[in-house]
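Look for chain A in each of the two complexes below; its partner is chain B in the first and chain C in the second.
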Partner chain A sequence: MKKSKLWSFGLIMLLALSVLLAACSAEEGTTEEPAETSEETNDGTTTEETEEAVPQILVFGRGGDSVSLDPAIVTDGESFKVTENIFETLLNFGEQDTTINPGLAHDWEVSEDGLEYTFHLQEGVKFHDGTDFNAEAVVKNVERWKGGAEEQFYYFNSMFKAEGKDIIASVEATDDLTVVFTLSRPQAPFLKNIAMSPFAIASPTAFEAAGESFGDNPVGTGPFTFVEWKRNDSITVAKNEEYWQEGLPKLDTIIFRAIPDNSARLNALMTGEIDLADGVNPSDAQTVESNADLQLIERPSMNIGYLGLTNTRPPFDNKLVRQAVNYAIDKQAIVDAFFQGRAEVAVNPMPSSISGYNEEIAGYEYNPEKAKELLAEAGYDGGEIELWAMPVPRPYMPDGQKVAEAIQKNLSDVGIPSKIVQFEWATYLEKAKNGEADAFLLGWTGDNGDADNFIYTLLDKDTIGSNNYAHYSNDEVHELLIAAQSETDEEVRSDLYKQAQEIIHEDAPWVPLAHSIPLLAGKKGVTGYLPHPTGSESLVNVSIE
Partner chain B sequence: MPELVSNSVNLNVKEEKVVGPWKVAWRSFKKSKAALVGTAIVVFFILLAIFGPLIAPEGINEQKLSDPSLRLAPPSSDYWLGTDDFGRDIFSRVVYGARISLAVGFLSVILSVVAGSFLGVIAGFYGRFIDTIISRIFDIMLAFPSILLAIAIVSILGPSLQNALIAIAIINIPNFGRLIRSKVLSVKEEEYIVAAKAIGMRDSRILWRHILPNSFSPVIVQGTLAIATAIIEAAALSFLGLGAEAPQPEWGKMLADARVHLMTAPWTMFFPGLAIMLTVLGFNLMGDGLRDALDPKMKN
Partner chain C sequence: MLRYIGKRIFHLIPVLLGMTFIVFLIIRAIPGDPAQVILGQQATEEATKALREKLGLDQPWYIQYFDYLKGLLTGDLGESLRTRQPISAEVWPYLAATIELAVFAMIIAVIIGMNAGIISAWFQNSWFDYIAMVIALIGVSMPIFWLGLMEQWAFSLELKWLPTSGREEVRDPVQAITHFNLIDTLINGRIDQFWLTIKHLILPGMALATIPMAIIARMTRSSMLEVLRSDYIRTARAKGQRMGKVVYKHALKNALIPIITIIGLQTGLLLGGAILTETIFSWPGIGRYIYEAIGYRDYTVIQSGILIVAFMFVMINLIVDILYSAIDSRIKYN
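Showing the complex of A and B:
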């Protein structure tokens, strides 16, 4: 009897408390679960009531989950969006361009011959686990990248290895805060490369201890520390109280939520579930602009969306057929219709903002008659081709299906029958990479704003099997691109790229379609958010009013 | 000899006086207003499908991308039901869509009726382990939600309208099979079948000439209703990207393509949706009327 009375008394108290707490939490607008025991919760509520400042929590809605949070091994944009906030690089890009700015290194020097780079590191920086950031940490990071296999450190291998040889011959810590990189041959975009998100400096203590699982428990020097990761749902990072830059970051917590469907994500923004929405359909731009509570944000364009024509497969192994397809497609109409005009028609394989862009190339005009002539000349047999359309919206192409349908019509007008084919995204990339597609839609967002990152990465014969999905191979182009890589004179280098673009234009391995302006939307109160052209950025300056 | 003659005379007299079962059914069918409306709708869509090219002002894929005023244009005198985001006339596409939807509906149901009847008759007539095997397979198939099974089949065969049709036909087989089987079980005990067996008629002749025709009337009802479901299933598969391929104007695919314009250009979704709804409603009303007319138990 006594026991049961005690029980019921306890239960009544619990009920009363939970009512009280529910009322409090409703006022606070948080969804924190009430704690178990009475005394603790009482304390908790009183302190919460006295607290005036609302915690700055930003929910960032995006198209997919991250693959891993170890920036050195991932290649996808969704991973970098998070790692940019946890980690920092030696150098930073400008706020909305790809100029070189100080990062973890406040100063740097380049030797005359372009082979030695000396970085002077920021003092008093600590990793989230308390390890000191110093020259030794940088050396350990570079050695980790150098020692890894290609499939493990993809970006390091593609940027700093050529024909199996390391471009970074050695890294030395000359004193506690000075680190010297020695290159085996000059690399013009070296500083831009080192500023890329994959080359962020991670805590050596942490990655040595964690090994393979470092990606699940990332430790860097960035403005936010990793809290938790619910796979395919959300990643939470919290303010780094010890951050080395005074007064930053402004937010207390960022939650990255994955909402795959563009419309669903925008809806979530409208209902207030999220504060920022990545990947807004161009057709929804007006809806956002006409909503007084929302703002439309444009990401500066540094991408290319294209129709790749697999150069090793008939009928596209014939240059004349490829040129004919270039004439057959009405690019302007596609840009107007499915990018809602928020894009520029592409001529060359890289956007005009990048130095080395050849403005003298006119681009293939829309001319179905000319296309038919070329097809007749090529002796095209009228066989049906497969036209691959990407199954997911990408920043460089918001609606691949619709674009494919327009292209299908353009092609049938000149007598090329085609069938639109779709695969799940990973399969699509894999198969296209192996050269199994006839013609495929794809695109690329630049990593560092250098011409090399577009032309060499996408169209050199070395990159067949990685990013050269069209299997385009031209020795002359290859020589020009390799020469440009080690050329340090900006003028000469630009000239080499211009020559390469001319040959590529003539060979027509692709139909360049558009340089789009990716759209985002945010609540009116979100300030200080500057989307970066590379597609990922640190949210260190963002705040919510 | 005289006996024979008198016999045949008697038969003739009977046929003249007695109202045949089909006539009875038609009378009862006529009484239902809903059934007539349904039939009218079905006939309307069938005519639309047959005379599509004469009715539709445009082809199915006449894109007018370069003229922004013709893209997503609201209904007007030139474009009765407006245009979609490619500048294509929605009216023309809906008209041609009737061909696809009705063809898929009829063909898939015919396929499943043929296969289902065959399996059902065999199961019902021979019984024992053959019945057990066939019936259990039907049970397994019916244990899956039908659309899920269809999706699985299309994923194996590869997405196309033809494969969607096959998938829909397959998932409907057990419905017809079970229906026929149960009917066969009762018919085979009838005296005329026993008599046929007694005079030594071959099984195949008993099956196809006597049992099947006498077990078939519920299939007609079920078939009409199944066409409605098949049309919806085809639209659903196309909506999910597993059926019709661009630029086929399948109604479900038109809905899927227009989804992003729901707020800005509702006519792009409204009319294909309306077409699906009306056809399905038509077949359902007609099917209900047929059931009432053909089911002897419903007669007062």
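Showing the complex of A and C:
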């Protein structure tokens, strides 16, 4: 009896374990066979090729897992990074800009009145499940987006709906490879919108069969086919052998791995566990550059990081106070210290590369004296404000806490006491959206390179409650922005945006801080990787040497 | 013995009921309408109403609670709001990842911690004792985040012995069957991958083991010191028995009760998911599953995740209680 005491402990543990195992293996037993056979065929093709050269397997390390692989329903960049490789859109953006290029449609025409868009589709394209890609498939996709609930297809409703009405009045397949979109009113950025990742064309056979679970078994026409998803860990896609573009893709397999911590991700790159690392801290740039095995990669900037001032809350309901804060903050010092100079000081609510940017506006210079004068004029009472700092690193703001500390110092220099406040990220966004913050750090990465996607999305009175976190409302700006949406003459349109920026500059709903250059790092051998300013790109041209 | 176990399990019923009730209350404690919170501000009135009906929120609370209990008893943990998958199916890979890591870490913690404690007690006030207890003190107060990154720097970047993160070599994965990688690699006959899996386990395992190891060492030492002073040990030593025999045959058994308690509590904590360790070593465990669910406002996952963790905690305590009477026959419960 006595000797068996320690043994009984071990025995119980063993028993518990074996019961668990028995339960699991019984469950999996039925599905084992088909899974194994499919793996065999995969193995057969890859091992042959890997013998002669460097294995074309790329591991892409990134900050988080995807939400779903159905591009139509998601809004987050981590999902689009994967869907860009499985799906394709009718039109593509340029390799590193937002010009319009052929995609699944090789040609397109726009009618005189800007209401009819005709797309001529690529011939001989098939979805991964063998379904033919044709005009009918495009129509079914658009009908799916139109028919769905508003909160389900977020991007469709935000890009193609105005005042509750569909901008796309109808879609018609005039022949097998021609599809005509008829709009209810002209939309200047229509082609750019169509090129966005959420409007990728999915296999109608697959989404009709899968229903809500389509995001777990995505089927598109893209260069890679979906293989496996281990939640919170990795997503694997494999070369589409039937891809319609000759000689592409160059990689056999891409594995998207979620490594949440920026430093840990860089460590994994340095040991060779991953080949590409997204989200490199600006402070680590030097480490990467001084490592002979690595390359530092810059993503072209198309973002804005800003300090929002909730326009409906005192003291920021007073324009003079908002202007004073703009004078009080030393933006150049923030860019130098926390972006390591890898950013441009922001003047307007969008980056200068975007058509319609007003170059004549001079930013508020760093001038604490002027700020104090304005505060005195406004009759500011010296009450403490809450200064919200984001709890997570974002591409447009690598270290919210430190930036907030610098701003806190700047504000106290002109006599505005402030307290730094942090919330968990989802709560932060929710509360800021409700207008509960006094001043808050936030930012935005553009979706399609159009001015509308910055100024209207972030500062129009229509978007209060979604992306207009500052609760800024100006009727004059609203009229200009609405007019610009349906204006098809590019010059007139630019002019409207320039006027809007002037008013916004005067109203100062935010302190625009910086347009950052997001950094990535890769192994030296990774070639052909061109990060896209929107934050997600196809890896069709990437190879490993 | 069996009667005792039966009784203990019977006593668990009110505990489990109370637990489900508290977890049930959590989702109802959200300010405002949960359906509204879940769907967001732009949701239409109809959509909110439909979801409220789907979640059964239009029923009185006691009916909701019984429906919820009924679901639990049939193994229905609800459906993730984010992925639309049944949680009972979705949670297993996460749970397996956590159990594998926690068991590995606890084995390290128990073997090293207990032995360090025993030796320290035997050679009380020796240099070994001082050094071991200083290390234990540092261990308890070590920030895991920093320790993890330092481990990666030392063992992966500088020495290149071990991988920095993840559970397996992703370029050459092994088919998941049980989701315990150590077992899956063996089933697939991949001894090479089995060793790689162990290599992947070492760094997060060490990081996770640090605190329990230190606590176990300190507890073992003080518990052993007390036992070593008792008469029967003095007799055994007077008889000229070797240290090993005295300690492991006579002393340890009587010192074990508080140690087992601590081991049980610490195992429970580790199974609850070590979010920091799982984040640094990108380990797809239950802690991160719940943490990510908070970020996405996935209330059903938060609710069921907490319930699963709490359930495991209760089960471990049950095992500890049973072990008490198995180890020390003086302990009898009526």
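To be clear about the criterion, the second predicted complex is superposed on the first by the 490 of 545 C-alpha atoms of A that agree within 3 Å, B and C clash if a C-alpha of one lies under 4 Å from a C-alpha of the other, contacts with A are read in each partner's own complex, and residues count from 1 in each chain.
One rule holds for everything that comes next: contacts are C-beta pairs under 8 Å (C-beta built on N, C-alpha and C of every residue); 3 or more make two chains touch, one makes a residue touch a chain.
Note that the structure is predicted; figures quoted are calculated from it, not measured.
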Looking at A:S263, would you say it contacts chain B, chain C, both, or neither? Reply first, second, both or neither. both
Identify the partner contact of A:N281: answer first if only chain B is touched, second if only chain C is, both if each is, neither if none is. first
Go through the superposed model and pick first if A:Q408 touches only chain B, second if only chain C, both, or neither. first
If we overlay the two complexes on their shared chain A, which of chain B and chain C does A:E377 touch? Say first, second, both or neither. neither
Applying the document's definition of touch, where does A:K419 land relative to chain B and chain C: first, second, both, or neither? first
If touched residues of chain A are counted for chain B and for chain C, the larger one: C
Does chain B (first) or chain C (second) touch A:Q332, or do both, or does neither? first
Looking at chain A, which of its residues have contacts with both chain B and chain C? 263
Note: in the complex, chain B contacts chain A through residues 61, 63, 65-66, 68, 71, 85-86, 159, 241, 245-247, 257, 259-261, 263-264
Please give the residue numbers of chain A that touch chain C in the complex, ascending. 2, 5, 8-9, 12, 16, 21, 24-25, 28, 32, 35-36, 39, 55, 57, 59, 64-65, 67-68, 149-151, 212-213, 215-216, 228, 230-234, 236, 253, 255, 257-261, 263-264, 267-268, 270-271, 273, 424-426, 433, 465-466
Touching residues of chain A toward chain B in the complex: what are they? 263, 281, 283-284, 286-287, 330, 332-334, 336-338, 399, 401-402, 404-406, 408-409, 419-420, 422
Okay, in this complex, where on chain C does chain A touch? 39-44, 47, 82-85, 90, 92-94, 148-149, 152-153, 156-157, 160, 163-167, 170-171, 173, 175-180, 183, 253, 279-282, 284, 288-289, 292, 294-297, 319, 322-323, 326-327
